[in-house]
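Two complexes, one shared chain (chain A), two partners (chain B, chain C).
Entry: the complex of A and B
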């Protein structure tokens, strides 16, 4: 592996990690607050990508400026968050918070099955591609390697902004503090008058929107086709589990670890590309079952 | 007394199943798949007893099917050997995976299983020079105890093998779940720390159950491969795992009879509904899964029992497990 390939793999890994982080952080946020693993999270990612691609193509075909592709991503994310996330929480999850974990998993799994078919019904089986956003930002040369500015600068910046923004939001704003309080102890939070149901709904919408945003951001860099949601839920779970469930900063580190591992595998052992994320996860979990940054749960007798 | 009466309908159903190749050959293909899937669903059922759900048991279904296909290409292509090969391969894989995943519960258990099955699935797709990639492998019709049969006769034999194995393994799983180790699962589900205080290792218990569940999935998988004559990576895809979990919950989570009741109902509906609802099949499954979880958590077996209780009057209301069987009751017809 020469220096140039090394740099390329490094860039690939960072760009990929930024995308995975966006999805994983939504997953871990939802889990941290609601204690529910949203298996349908990958579908929200896929739908975010589909909406962005088809709306983006329509806008450009209608003669509007491709710059609109960027605000469109936000719109798609908010749509996914409010419409799908909001409905899912209100209609389903809010009924099952006191049910066993297995049932909660089955419910989100059922939604996942349904949304996979919904994607196929709406968008069919053919791949979609719309890279206006990437073309707009052009290329950049760094360490003798040409790379798209979108992937090398824009995506990592968005991921970083999300990480810092979330941290500030949870620590500094009132709503954020309410969320943290409910996470710590739901009953105690309710005793002092916090509307836990609203916190749950808001968190789920935010988490779903992050998944949608991840999909929207990923859409210009890849073909959008059936199955990307499945791949993403497993991958983002790998990130979240490696970091420790509910760990936001940890998810960033784990996303980098897994993103880089995967991109180096692409150049060194292409057959292992799909396996590397899981191998990293399995290795980490063998040593630390609660993840890199998680703390062991207290055992109740 | 109640037990014996309750067993009347299942007994009639088993007898009806045994007569299908003679009286209703058009149902034979559907029911043979239902029985084979039912055997695999038994595996998921064992784990559900311990309160654990696996989104990756298609791994064992698939790995046994591929083991069967590899063996069928060798001179040892006998049905008995194929089933044994599937059983051993899946049990050994189950032991390796089980040692790892048995440390986890709930979410981690479900998702790590999914991760393992995705790994296996991508191996099947990537190493196409061994596995045939997405096209899969052919599994030529094997001999049975050294004798070669025509297609029709072979299908009849396979049907009775599936039925026999379904009864045998169903009986075995009931015995297993009633054995001391099976009884532990109830406690793994509710509070396993107490088990540890009794000096019992819930992990070892769960590994044993995991190997059993993997082996059951394997037997189902290798039989299915033999019946279809081809194995593809879809055998190990998550959709297959989801289907197994769905059937287990449909039949009645944790119930042995439910595994088969669920898979027969599922296959019958699928065969006739998929013709005009093929595009939205998973959508229907998902919606139906939600309805069962939210309104009839006991599944088909739960509905059957509650109908029975109701028919017998007051006594049953004391241990009401399911909700009002209004909508889901239609499923049974």
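Entry: the complex of A and C
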């Protein structure tokens, strides 16, 4: 592998990692705050993709400028977050926070299965494609290889912006500090008057919106069809577990690790490509069971 | 007491004797011909399965309007292969127990491999109407299982031949196939045949991304750097769509010649995203603009009716379904004739399938002694037309006979024994 191929693999890895991070960060945020492993995250991703593709196709067919595809992604993400995320939290999860974690996991799993069927009911089985956003940004050439600017530049920038934005939000804004407080200790936060229920609702909506945004961002690059949610959720789990549950910056590192690992595998040893994310997760967890950045949590009995 | 017993026995015997004529194999026509059809109604392969089901409904309705088979209407029930192996086997059994006369199974080669021995056990006629694995008939003998289409071997061999005839001087090839049985097996056959007929070819990359992979970016980058002359992909459905679109976006389709043996099923869906100059196969001689069939009333009506009913042009799974029903019809006709106009028994129907010749919407197909169908293969190169999607030009239609592994031989071994002279030996019909 010469320098040129190394750099190509690097760029491919970063582009892939950016997308994976977008989905994993929502998952880890929700877990960090609510201590709920949201299996339905994959469906929220998929529905974000479907909504973006459907709305985008409708807008373009109506003759509007394809540039609208970009703000549309934000709109789709917010819709998914507020409507689906909000409903899910308010109606289902808020009732079972004090129940065993297994029950919470099963409930989110049940929602996941239902949403998978909803996708099929609404959009059917055939693949959808709407790549106006990618086509708008054109290609960029690197060592004779053409990359789409969307994947090489836009996605990593968005991922970086999300990372920095979340960090600033959680550390500098009032709401962010409330969320951090509730994450640390729910009871203590409630003692000093913080409305934990509202914090949970806000966090869940934010996490769900991030999942939807991930789907919206991914949709111009790939075929949207039933099953993409399942794929994404398994990969996100690997990233979140590797990073440590609840670690946002860690999720970025883990996503990068896994993205680069997979990319180099394709260049060096393609047969391993499918295995690499899970191999990395396995190795990390064997050495540090709480994840790269997680802290061993004391359990309150 | 004894007399009572004797009378009971006589009564029972009379009942049985009365029942026998109803089972008589040379008299009553049944009320209906029951057909159980497995197809993918959910899951990624539903892009094949649902159009095939629509085609079956259309064909059955039309056949029943004309009285059905030998004057007996057809009644079909559909089983979703997407429900998984366990549910599928259970449904298959249930259909047979409820009196299915013929089963049509299946799309997935995995399911065919499971259901063929089951059909043999249950002694029900099973037509493998879409699955491509060549192994079933190469590894075992079957009495009740028939295939009304070709298999992976002639499909891949025809693709190699078309490539070698169109681009005899290419040097390097790479493959991007789905990581499951079909992706692996199809590459096995293709690469063995290619190396046998062009020994100096160099395989520069073998990529098997996960089934359902949403992103081929890294593979495409790698291929862009490798610059092979030819890129092969036997993927289908959403995977093929994604791969082609992403490759086209990044100019890979301009750099290398793409060979896509299953792309006939994606022509309409890909629309303008599929560039010109791509070699496309159709798993048989299936094409809604088949040069030998366009203009014939039957063919044109079928294509138009299907488009009116579903909004899309027929794809190869639709034609495969039509072939299965054409075979069924022809077999019953042959059996009835052999039985002096009487409804045939199951064994007589089985005998009729052997050596059967039938035709649907392509060249005639024949079933040879190992129950494998011999079907022509069509390939073409994409070109622009006034359709909103690419159509095929430079079409070649290969006869299936010389391309199907001889009875009793194993496919990969057989293609490995071919020589470069084979390319010149095979002379397909060519069209502009």
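By our rule, the second predicted complex is superposed on the first by the 288 of 301 C-alpha atoms of A that agree within 3 Å, B and C clash if a C-alpha of one lies under 4 Å from a C-alpha of the other, contacts with A are read in each partner's own complex, and residues count from 1 in each chain.
Please note the rule applied: contacts are C-beta pairs under 8 Å (C-beta built on N, C-alpha and C of every residue); 3 or more make two chains touch, one makes a residue touch a chain.
Predicted model, so just to flag it, every value in this text is computed and none were measured.
Asker: Using the superposition on chain A, tell me whether chain B and chain C clash or fit.
Answerer: In the arrangement built by aligning on chain A, the partners chain C and chain B clash.
Asker: Please work out whether A:109 is in contact with chain B alone, chain C alone, both, or neither, and reply first, second, both or neither.
Answerer: first
Asker: Where does A:192 make contact in the superposed view: on chain B (first), on chain C (second), on both, or on neither?
Answerer: It touches nothing on chain B or chain C.
Asker: Could you look at A:245 and tell me whether it touches chain B, chain C, both or neither (first, second, both, neither)?
Answerer: Once the two structures are laid over each other on A, A:245 reaches chain B alone.
Asker: Could you tell me if A:61 is touching chain B, chain C, both of them or neither one (first, second, both, neither)?
Answerer: Neither: A:61 stays clear of chain B and chain C.
Asker: After lining up the shared chain so the two structures overlap, which partner does A:274 touch, if you call chain B first and chain C second: first, second, both or neither?
Answerer: In the superposition, A:274 contacts both chain B and chain C.
Asker: If we overlay the two complexes on their shared chain A, which of chain B and chain C does A:287 touch? Say first, second, both or neither.
Answerer: In the superposition, A:287 touches no partner, neither chain B nor chain C.
Asker: Which of the two partners, first being chain B and second being chain C, lies in contact with A:174: first, second, both, or neither?
Answerer: Neither partner.
Asker: Once chain A of both complexes is superposed, is A:120 in touch with chain B (first), chain C (second), both, or neither?
Answerer: In the superposition, A:120 touches chain B and chain C alike.
Asker: Once the structures are superposed on A, label A:228 by its partner contacts, choosing first (chain B), second (chain C), both or neither.
Answerer: second
Asker: Run through 129-137, 201-209 or 237-245 for chain B and report the one that clashes with chain C in the overlay.
Answerer: 129-137
Asker: Following superposition on chain A, which residues of chain A contact chain B and also contact chain C?
Answerer: Overlap of chain B and chain C footprints on chain A: residues 120, 271, 274.
Asker: Any idea which chain B residues touch chain A in the complex?
Answerer: Answer in residue numbers: 48, 51-53, 55, 100, 103-104, 106-108, 110-112, 114-116, 118-119, 122-123, 126-127, 191, 193-194, 197, 238, 242, 245, 249, 279-283, 285-287, 289-290, 293-294, 297.
Asker: State the interface residues of chain C toward chain A in the complex, per the touch definition above.
Answerer: So the residues of chain C touching chain A come out as 42-44, 46-47, 50, 179, 205-210, 212-215, 217-219, 221-222, 224-225, 237-239, 241-242, 245-246, 249-252, 269, 273.
Asker: Once bound in the complex, which stretches of chain A touch chain C?
Answerer: Contact set of chain A toward chain C: 4-5, 8-9, 11-13, 15-16, 19, 120, 125-127, 129, 131, 134-135, 139, 143-148, 151, 218, 221-223, 225-228, 231-232, 262-263, 266-267, 270-271, 273-274.
Asker: Quick one: which bits of chain A touch chain B in the complex? Just the residue numbers, please.
Answerer: Listed in rising order, the residues of chain A that touch chain B are 31, 37, 39, 92, 95-96, 100-103, 105-107, 109-114, 116-118, 120-121, 230, 234, 237-238, 241, 245, 271, 274-275, 278, 281-282, 285-286, 289, 299-301.
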